[in-house]
Amino acid sequence: MKSYIIGYHTTQFGELWDKSLFDLVEDTIVGVLKNAHLEIGNIDAIFFGNMLGGILENNLHAGAKIADIFGLTIPIYRVEGACASGGLAVNLAHEYVQSRKGKTVLVVGAEKMTDVQPEFITQGLMSAASGEEQESGITFPGLYALMARMYLKKYRYDKKNLAAIAVKNHAHGLLNPTAHFRRAITIEQVLKSSTVAEPLGLLDCSPVSDGASSIVITSDSSLIKKKSGVTILSSQVSTDSISLLQRDSLLGIKATQIAADKAFTESKLKRTDISLAEVHDCFTIAELFAMEDLGFWKRGEAGKRAIQYETLSENKGPLIVNTSGGLKAAGHPVGATGIKQVGELFLQLTGKAEKRQIQSPRYGLAQNVGGSGGTAVVTIVGI
Amino acid sequence: MISPVKVWRRQKTIRDLLGKEGEIVTWTKIFTPPPQFKHIAPYTVVLVELKGGQNICAQLVDCMDDSSIQTGDKVVVTLRKLRESIADDVIPYTIACKLI
Amino acid sequence: MKTGITSYGFYIPQYRIRVADIAHVWGKNSSEIEHSLGVVEKAVSSAAEDSLTMAYESSSIAMKGNTVPIGALFFGTESPVYAVNPSSTILGELLDIGNNYLAYDTQFACKAATGALISALSMVESNQIQSALVVASDKATGRPHDALEYTAASGSVSLQVGEKNPILTVDAWESYSSDTPDFWRREGIKYPSHGGRFTGKPSYFKHIIGSVKSILSKTRKSPEDFSYAVFHMPNGKFPVQVAVQLGFTSEQIKKSLIVSQLGNSYTASALMGLVSTLEYVKPGENILFASYGSGAGSDAFIFTATSEIEKKRLIFSKKMNEKIYIDYPTYLKCMRII
C-alpha cells in the first residue's frame, strides 16, 4: 500500500500579529481542504505537529481544540519532537495510513512564536535540550555554535563557508511569496551581523516566525486518480541522545545519517536520484551537516561546496537545496517547518512552485531535525 | 517556581562533579541568553571532557580574555550560582569551569 | 596534643575595582578618599558568586586530603544567601562530609566566624568531636555613594579545627561584648546602615582594646612577645591606629594589612589578614589576633605556629596579585545592583 500527498497549504510565515496559534491552524486546514478539493468530512484523522503550545500558550489539549474549531469527533493526535514535530507528524500520519486501507488524514503543523519576547522563545526552545545543557545557560544557537566551531577548525574553514548557506537560502526565499524574509543578503552582511553565539551571527540563524502548514496524506488510490499527488517513497525517523555530551561525534548529526540510510534503502534510490531537497538549516552549520549526513557530499566537503553555491537554484545543478528559502529565509515556525518542507517538495514535483519551480524534478527529500540532533526525520517523495 | 526537590536531587550530581579536572573540547560565547541568564551575559560555555571520559557542558567563569581559549585548555569544575531565580525560590547552584 | 587550626583555605575573587574609579563616579577627590580610608582597591566577586560559592572555594582548599571526620560545620557570614535555610548544610553536602555533623550559621557582623571558631575549638578540646570546619565568607556590599562602597569587598576563609597536627595551636581566647549598634541591617533591607564616626572610638577601638588587653593580662604577655599581630580591617586606618594604641609596632601588623589591596571582606576580613600572615610565620612564632563585629564584640586569640605550617603553607601574596581590574558599571553588574 502506498501513501500519497494530495494537497498542501501554508499560511504566510512571519510576524503574524493578528493571528493566534489556532487561527493559523484553522486557516491552513481550510486552505488545504480547498487545495485538495476535500471536505472536512473526508478526513479520518488529524496529526498536529507543535512544539511550544504547552509552554507559551499553556495549551496541551490541542486535539480537542482543533475538534472544537471544526466540530469534529475524529482522532486527533498532537505530535511533539522539538523542531522535528512537523516531520514526525508526517511520519506518523504516513505510518497510520499505511496500516489502514483507504484512509485520508490531515497533517497540520503550526507554531505561534511572536506573542512573547525572544528570550522566552530562547528559553522555550531549550526545553528540547538536556537539563545539564539548560543549567549551563547555553542556547540552541549555542549548541550549534559548539559544533560549528569544531567543524570549522577540523576542516579549516571560516565563517564565510557558513555565511554562503544564508546567502543562498535568502536568494531562494526571494522567490517564495510565503517566506518570512524576501530579501537578498550578502556574505558581508552575514559576517557583520551581531553575534548570537560565537561563531554564529544573527544572519546564520533562522528567525522566530509564526505560521502553519498542512498536507493531506491518503492511502485511497481513487483520490490520487482524480488529483495530482506525490508518493511517499519512504519516511524514516531516527533518534539520538538529547544532549551533545553523549554524542560520538560533534561533526554531524548521527540521527540524520541513520534515517537517511534507511530512507534510501527503502526507496531503492541513489543519492544522485534526488534533484531537490529541503534540509533543516536552523543555523547555517546545520545545512553543511545535512549535506554530509544525508550522503550528498563527502565529509568535510560541505564548507567548500557551499561557497561555490552548487545547490543554488539559478546555478541549475543536479541538486537544488531549500527552494522554499529553507528555515533561514522562509522562516521557522517550529511545528510547521517539517510539513512545509514536504509541502515544498509537493509543489515542486507537481509543477506548482511558480517562480521558484525547478525543471521537472522526480524525487525530493526532506530532512527535519529536532533539538541539536536528538530526532531526525528523512522523507523521500516521488512523482 | 524552581522545585526544591529537583534542586535537592541535582545537588548530589553537582557534588560528584566538583573538583574534577578536564580539557576543553569546544566552546561558544552566548550573547542572546535565556531570561534567567541575562544578568551575566555575555558568557562563555564550554564542552569539557573530564578525566575518565565523561563530558560536561558548563559556563567558563573567571575568564575575562576568552579570545585565547584553545581546545585542550585545562579546567577544573567549581560551584557557581548562574541561573537567576525569583526571590522566593530555592537557589539553584550549579557547576561551572575555571581554567587551571 | 593541643587543639588548634589544622588546615586552612582562602578564596579571593579575581576582580578588583580601584577606589579612585568609585570616587570618580561621585565626583570625589580620589587621593583624599584613598588616604582617609587607607584602601586603594577592593576584591569584587562576580555576579555568579555569593557567600556560599566562595565558601565552597575556600573550604575545598582547606579540606583537600582531609581524612578526619568533621563533627561540626559553622558558617559565619553577614551576607547569607538565605534569610531562612542554613548555608552550613549546603556547604556540608557539597563538601561530601557525610551527615554526622552539627551545622549552624552564625551572624555577628564581621566577627560571626571567630565566635564560631571558639565554639569549634571548645568542642574539639572537650573531645566531643574530632574536627570542625569554620567558614567566614562574605559578598559585602555598600549602598552606592555610601562610604562603605569604597571598602565592602568579597572573600572567604575556611579553617579546619582539630587536635591532630595543628599548624597553629590556640593558646588562649578572650571575648569582649557590649550592646553598641554601630552597624546594622534589618530584615528585608538590602544595604547595611552604620553610625558613621560612631563605628570608631566607642565601637571598633573600645572592643578590640577590651579583648586584647584582657587576653594579654590573662596570659601575662605583652605586645613584644608576638611576631605578628592581626586586627580586623574595616579600612586601612583603624588596624594601624589600634595597633599603636595597644603598643604593637607597624612591623608586627604589616603582613596582615591586606585591606588596602582587598578591601573589607567582613567576616573574612580579619581572617584574611591571618592567612596572609601564615605565608610568613615560622614555627614557634606567636600571633595575636583580634576580630571585631559590630553590635558589638571582639574575639582575641593567641596562636603559636608549629612545624606543620611548613607542610600546609599557602602562598597568599601570589593569589592576591592574580587580579583583573573592572570598571564601575561592571562592578555594579557583579554586585547585582544592575
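Residue numbering begins at 1 within each chain, and the chains themselves are lettered A, B and C in the order written.
Rule of thumb we're sticking to: contacts are C-beta pairs under 8 Å (C-beta built on N, C-alpha and C of every residue); 3 or more make two chains touch, one makes a residue touch a chain.
Everything numeric in this text was worked out from a predicted model, so none of it was measured.
**Student:** For chain A and chain B, which third chains touch each of them?
**Tutor:** Of all the chains present, none is in contact with both chain A and chain B.
**Student:** By CA centroids, point me to the most central chain in this structure.
**Tutor:** B
**Student:** Where the CA atoms of chain A average out and where those of chain B average out, how many Å apart are those spots?
**Tutor:** From the centre of chain A to the centre of chain B is 32 Å.
**Student:** In whole angstrom, how far does the Cα centroid of chain A sit from the Cα centroid of chain C?
**Tutor:** Chain centroid spacing, chain A to chain C, equals 59 Å.
**Student:** Averaging over Cα atoms per chain, report the distance between chain B and chain C in Å.
**Tutor:** 28
**Student:** Would you give the residues of chain B that are in contact with at least 2 other chains, written as numbers and ranges?
**Tutor:** Correct list: 40, 59, 82.
**Student:** In their complex, what parts of chain B are in touch with chain A?
**Tutor:** It is residues 10, 25-38, 40, 43, 45, 47, 55-59, 71, 82-83, 92, 94-95 of chain B that touch chain A.
**Student:** Spell out the part of chain B that touches chain C in their complex, as residue ranges.
**Tutor:** Checking each residue of chain B against chain C gives 11-12, 14-15, 18-19, 39-40, 59, 61-62, 64, 78-82, 90-91, 93, 96.
**Student:** Would you pull the chain A residues touching chain B in the complex into a rising list?
**Tutor:** Residue positions touching the partner: 117-120, 122-123, 126, 131-133, 135-139, 141-142, 145-147, 149-150, 153, 194-200, 243-246, 250.
**Student:** Provide the residue numbers of chain C that touch chain B in the complex, in ascending order.
**Tutor:** For this pair, the touching residues of chain C are 13-14, 46-50, 52-53, 56-57, 60, 81-82, 85, 90, 93-94, 96, 324, 333, 336.
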